Amino acid sequence: MFYHFKELQYPSKPERPDPAYAKRLQEILGGQFGEITTTMQYLMQGFNTRADAKFRDLILDIATEEIGHIEMAATMIARLLNESPTEEQEKAYKSDPALAAVIDGENPLNYIVAGAGAMAVDAEGNAWTSDYIISSGNLLADFRANFNLESQGRLQVVRLYNMTDDRGVKDLLSFFIARETAHQNIWREAIHDLENREGDIVVPTTFPREKQFNEVAYDFYNFSEGEESTKGPWTSGPAPDSKGEFQYYDRPVSYGKEPHLKSAHPKLHNTME
Amino acid sequence: MFYHFKELQYPSKPERPDPAYAKRLQEILGGQFGEITTTMQYLMQGFNTRADAKFRDLILDIATEEIGHIEMAATMIARLLNESPTEEQEKAYKSDPALAAVIDGENPLNYIVAGAGAMAVDAEGNAWTSDYIISSGNLLADFRANFNLESQGRLQVVRLYNMTDDRGVKDLLSFFIARETAHQNIWREAIHDLENREGDIVVPTTFPREKQFNEVAYDFYNFSEGEESTKGPWTSGPAPDSKGEFQYYDRPVSYGKEPHLKSAHPKLHNTME
Amino acid sequence: MFYHFKELQYPSKPERPDPAYAKRLQEILGGQFGEITTTMQYLMQGFNTRADAKFRDLILDIATEEIGHIEMAATMIARLLNESPTEEQEKAYKSDPALAAVIDGENPLNYIVAGAGAMAVDAEGNAWTSDYIISSGNLLADFRANFNLESQGRLQVVRLYNMTDDRGVKDLLSFFIARETAHQNIWREAIHDLENREGDIVVPTTFPREKQFNEVAYDFYNFSEGEESTKGPWTSGPAPDSKGEFQYYDRPVSYGKEPHLKSAHPKLHNTME
Amino acid sequence: MFYHFKELQYPSKPERPDPAYAKRLQEILGGQFGEITTTMQYLMQGFNTRADAKFRDLILDIATEEIGHIEMAATMIARLLNESPTEEQEKAYKSDPALAAVIDGENPLNYIVAGAGAMAVDAEGNAWTSDYIISSGNLLADFRANFNLESQGRLQVVRLYNMTDDRGVKDLLSFFIARETAHQNIWREAIHDLENREGDIVVPTTFPREKQFNEVAYDFYNFSEGEESTKGPWTSGPAPDSKGEFQYYDRPVSYGKEPHLKSAHPKLHNTME
Amino acid sequence: MFYHFKELQYPSKPERPDPAYAKRLQEILGGQFGEITTTMQYLMQGFNTRADAKFRDLILDIATEEIGHIEMAATMIARLLNESPTEEQEKAYKSDPALAAVIDGENPLNYIVAGAGAMAVDAEGNAWTSDYIISSGNLLADFRANFNLESQGRLQVVRLYNMTDDRGVKDLLSFFIARETAHQNIWREAIHDLENREGDIVVPTTFPREKQFNEVAYDFYNFSEGEESTKGPWTSGPAPDSKGEFQYYDRPVSYGKEPHLKSAHPKLHNTME
Amino acid sequence: MFYHFKELQYPSKPERPDPAYAKRLQEILGGQFGEITTTMQYLMQGFNTRADAKFRDLILDIATEEIGHIEMAATMIARLLNESPTEEQEKAYKSDPALAAVIDGENPLNYIVAGAGAMAVDAEGNAWTSDYIISSGNLLADFRANFNLESQGRLQVVRLYNMTDDRGVKDLLSFFIARETAHQNIWREAIHDLENREGDIVVPTTFPREKQFNEVAYDFYNFSEGEESTKGPWTSGPAPDSKGEFQYYDRPVSYGKEPHLKSAHPKLHNTME
């Protein structure tokens, strides 16, 4: 059960309206790594987890913060779409019939559909989809997803920070960037906690190793001309899981032969051999 | 430019047809973490990267292997949908008109649309979408995405391994599981390589820290009743990036006040205050 | 800014596991009229509204309740997927290798992807999409959308109530049904409040009537054989907006003639007349 | 079975080409509340209804009109993309190689994919999806959906009317606005007809009230700080369904306790407590 | 402008209800090659075409027929979901509370969402999307799309015909199969008509051949081991367009060298070389 | 199994950066008829086919070439987004803070999400979806789909060729246009090969004609006013399949009567007659 405080976590007010920038900022609200994704991903992980109370609480603490991030992002976008000084607005009223402010680089949906409001879409107007969510029940896997989510998220906010001069916008983004620093550190810490406890880094750690085809579990196959990929530490030496040594193969190895599929049922009316 | 060898990387043949299991196996072909995702994610990262040749080559070596994984997964599914022993098939021919084999728990699209063929869909018949791809141009972020991809992928293959008795299927899956062990180790190694080189773990490492709202960059806010989340190492002590100390707040902190949006343009015909 | 209480708004525990029913119950979590839709629709309306504080507060009060509905629906689904009595589970452990419980009528994604967890999908496994959201900035229009949302929602919950014997499930659903009674009444009341204030029922009420093509604003055209549609009150008498009289036309009226499009630019290489 | 008349219901010809406006006008063709939605929603309701002939005929009369609205909207868009005076076109032919007219604010798909033709997409180029359709078999619910559809639709057309000076476009839109006035009135009338007949306003009216958790069926919970929401008529007095009194609660009430999920099957390889 | 006749083009009544088959039959209503696709594809082609009146009329004649096919398919599905003999229904009424008929292999959306009604979805419950539509303004290209559409469509109807014993269903399908025979013949004839008139088969025929890189316009590259592909007529002899000779290359030819991308702007915070 | 050569099939380098054109060029990478579609469509057809080795090899030869087309298209887009001469870039660095180049007509996702990289989306930023794929197991049907794919593809590349002056871009496109000439010829040849072998053109050729409702298999129904459609060869004379004569009907013929659906189960709470 949730409760709403009317105060924002951080001020969210631009210096001036900028519909074209509002369109871009939609990415951090309704994009693949935006606030709706973080909220919904953490909520689903938290509601579904069977792990220790400390993990469930950790996830839901951050999830609940993220709902407030949706609030700040939506508020900023609504204001970028609209909050013009009154005089300017007056002028716009008189120029009949065009909504003059509504013409350069904006997302037309923000006006036609949402009446100068934020929408749950990305910077190209694509609807948010729960395909963005990652929630598997295996927290080591999911915390890696969360670590990636906050990494991609901070990267995108930084890029957007570099695309505006508006001090109000930059101020809010500097807050988001800092919180994503915090969250990257937290998920990293939680990953280490789980890796130590499970004694392995290969997800899922509980699958018996002898059941996998171990012969190829540390092989690196060179699937292209040239050997540039051998310049990195991933083709020789002990692997990070401390359970094997990387092995390099100059050419891909084939264990199977050419497949020949049998005819399908004639009632399917396929082309047959 | 690519080239095709007719041999499979590994044998892909079930002991017997099993349309209901074929439906589930579609997940590793066309699901969020299936072989089409790994292929397309790595291809896009590889074609777009501006980083060192060793990284580009690493990414494209694995990408090219993954195309062959699509091939094996599709072959297995096609055979699970169809490869019945001839006698059985004969019997089915005679029972007019129903395709008797086509009735229990299968994905009907595999028959109606694809003629007993694999499709680029997941275990519930959802079309594959490039929304699953992560490719940002920042390799530290993207290698975390890849590490997660191979973690979720291996987890799903293991679950599917546990849902069948067919030795042919289990054999192929044990190969995939091993390759995903290799790939988890490789991406982990590559992540460390980049973290060492960049001297930080917070993506993007090149954004000046003084521009973020540093005051909150290591705060943990307790957004829910109870303090279970303090049982883990993420609320106190040095953070993993070695640049700050976790700070715990019993209650969320509000830096902003309640927002009041100005009226929208009257020509938008919103409800006004 | 939001805060999480660990108690559920209402108990959410089935008598016994039922994966096939869990699949159906996904509809009220991630379907078109499920709890994610109500939550996100009300949040977006609330964050974006420029209307009176009483409306904003009304919307956000209900929005916040709805987040807790997601919580209860997800909890119920997770339990339907899993909460078997221990003895039974023990037996399942021993039967190697199949997850016996995982085979009849369930959504395989709930197991393969989510590890016996709820997902943000509908009863056919379709991802939730923000295309379901309605939020226009015009509250009279939007409250009609909300009234419909709670009507469709209650209808679906009632249908699901009729599809199970589990007393735990029925108990939770009887709570949802009652809340949707409350919400239908509330939105209806709010609609009347706005209609009275705006003095019209035709949205948007602020568009000057003389600018529409008034000649057809109360016409009913019979676009099909037979006159059954005249049996209702919508083809004659005063219209509900009290601003016109319904007028019935036995045949559709054409004001325009056959269109002839001019040739497109030759560089588009269309087929030309 | 349907039949096509070559005349348009109303003239659909702009004064001059305007590709950027054509992009916006796509919203009323292929957007959430555009003519394809109204057509398909009414067709599906009409083909599926088991109710009286007068309702079936009513729905299909309007559905059939709407197909003609698709025709007019598509014609207008095709002309906005192309119908330049011949001299101007001549000039464009000579300026090699760019399609000069094709560059400012247009949807590139209208040219690259459709050859200066209308498409079944919205103002941001998103494909139309049947997720927009509402058709439940319960006509009281569905007529509310229809009432909302014509409300949102008219609102959007009015906004688009305010975004152009072209008299040809405004003329067509004034026709759509008038028809949406008619349709709002008709659906409203039909809703009243059904409410009177069913003797209740809470959908579905046929579910026995004693089976819902009546205790909360008229409660208003204050889920946020402040009491602005009590300024409206929805927290006290008789509810519109005349079957209860609104009851206000200053704080949300919790009937359930914190959930603890049991461990999932070990073969799912989740993180366990 | 359209008009509706109440008679169906062909009877649409099953012998008995069959919800599991209804789910499959959804494919020809809302699938990639179902009746909604044919309707919408032909309508969009017809409304947008700038070609001769005979083509426009041809397309819209067939488009209008297809709307009636939606009607018959929807009617059949609604009846398969429901039309049980009364006695049987009586019995079902008494068995409280389960909807017994609603449990084996059906699409639950047909009941929960649509109340035993047809939906605009495919056999796996995926929403219909306008991504299925092909309409380019170039009729030679589009008639090939139409020819394919009727080919795939007839193939699917034939497969569905083979999956049922119900004589009512088979009767309607035999009608669809025959109409798709007619439409395949019609589009084929129209294709020949255009090819003859344009004097070429390579779309678009109006692009000057000398502007393409002619050197490779008839090459066949062997991109895989083995030479099985040379067994067909496509690697030697005159090409069907009579403007060149097929040329076979044992190995793919490379005209370009390895690409090296320049660094991106530092403000994008990519990983750099 | 596949192998990667580092050389491109053809050079892919623009003369100068052009982010707005890059946005358009995305269509041939991630659009309905772009290189990802051709690649995935041919791979799925090839992996699933049960027909002769010559067909399988033909399909996979072309499929493998197409992966290299993705590579060239992605490379070109990445360069159009970025490859400015160094001086210009220097200047851009200094103008703080805006990424000046990032503002006119570009797809913001290419920068915010992909860091000046290509994405698997179309010219309006819509994600690629496997809904674009056609693969039925019946090669006559599928080769028609392929013929259409290369027809629509070449049409779109030609349109894009006409929208730029950049000689580097035009050079690459002239290569694609030529290859699509080759592929149109190849699929046409393969279609004839199959039609000859199967002795019919109506897909599926193996369905017994006597089982279709032959009475209407060559009828042309005039579903609209006027007789323009009779000006073409599709309403009289022998049909292309040589198995019937086209028959023209001035008016549509109705074989069925008005449908009346029986009441649905009362537990579905529909509106009943």
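Just so it is clear, A, B, C, D, E and F label the chains in written order, and each chain counts residues from 1 on its own.
Here is the rule we use: contacts are C-beta pairs under 8 Å (C-beta built on N, C-alpha and C of every residue); 3 or more make two chains touch, one makes a residue touch a chain.
Quick caveat: nothing in here was measured; it's all calculated off a predicted structure.
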| item | value |
| --- | --- |
| Most remote chain, CA-based centroid, reference being chain E | A |
| Whole-Å gap separating chain A and chain F, where each centre is the average of the chain's CA atoms | 30 |
| Chain centre separation (chain C, chain F; CA means) in Å | 34 |
| Junction residues of chain D, two or more chains touched | 1-9, 32, 48, 52-53, 55, 60-61, 63-64, 68, 75, 78, 97, 99, 111, 113, 115-116, 121, 124-127, 129, 131, 136-138, 140, 155-156, 158-159, 161-162, 204, 207, 223-224, 226, 252, 254, 261-262, 264, 266-270 |
| Overall pattern in which the protein chains touch one another (line/ring/star/complete/other) | complete |
| Chain E to chain D touching residues, read off their complex | 1-5, 7-9, 30, 36, 40, 43-44, 47-48, 60-61, 63-64, 67-68, 70-71, 74-75, 78, 113-121, 127-131, 133, 135-138 |
| Contact footprint of chain E on chain F as seen in their complex | 5-13, 32, 52-58, 60-65, 68, 72, 75, 78-79, 82-83, 89, 92-93, 97, 99, 101, 111, 115-116, 129, 131-132, 134, 136, 138, 140-141, 144-145, 147-148, 151-152, 154-156, 158, 161, 171, 174-175, 177-179, 181-182, 184-186, 188-190, 192-193, 201-204, 207, 211-224, 226-234, 239-241, 244, 246, 252-259, 261-262, 264-270 |
| Complex contact set, residues of chain E against chain A | 155, 158-159, 162, 267-269 |
| Chain F-facing residues of chain A, complex | 20, 23-24, 27, 31-32, 105, 122-126, 156, 159-165, 223-226, 252, 254, 261-264, 266, 268-273 |
| Chain C - residues contacting chain B, complex | 1-6, 48-53, 55, 97-99, 102-104, 107-109, 111-113, 115, 121, 124-127, 136-140, 194, 204, 206-207 |
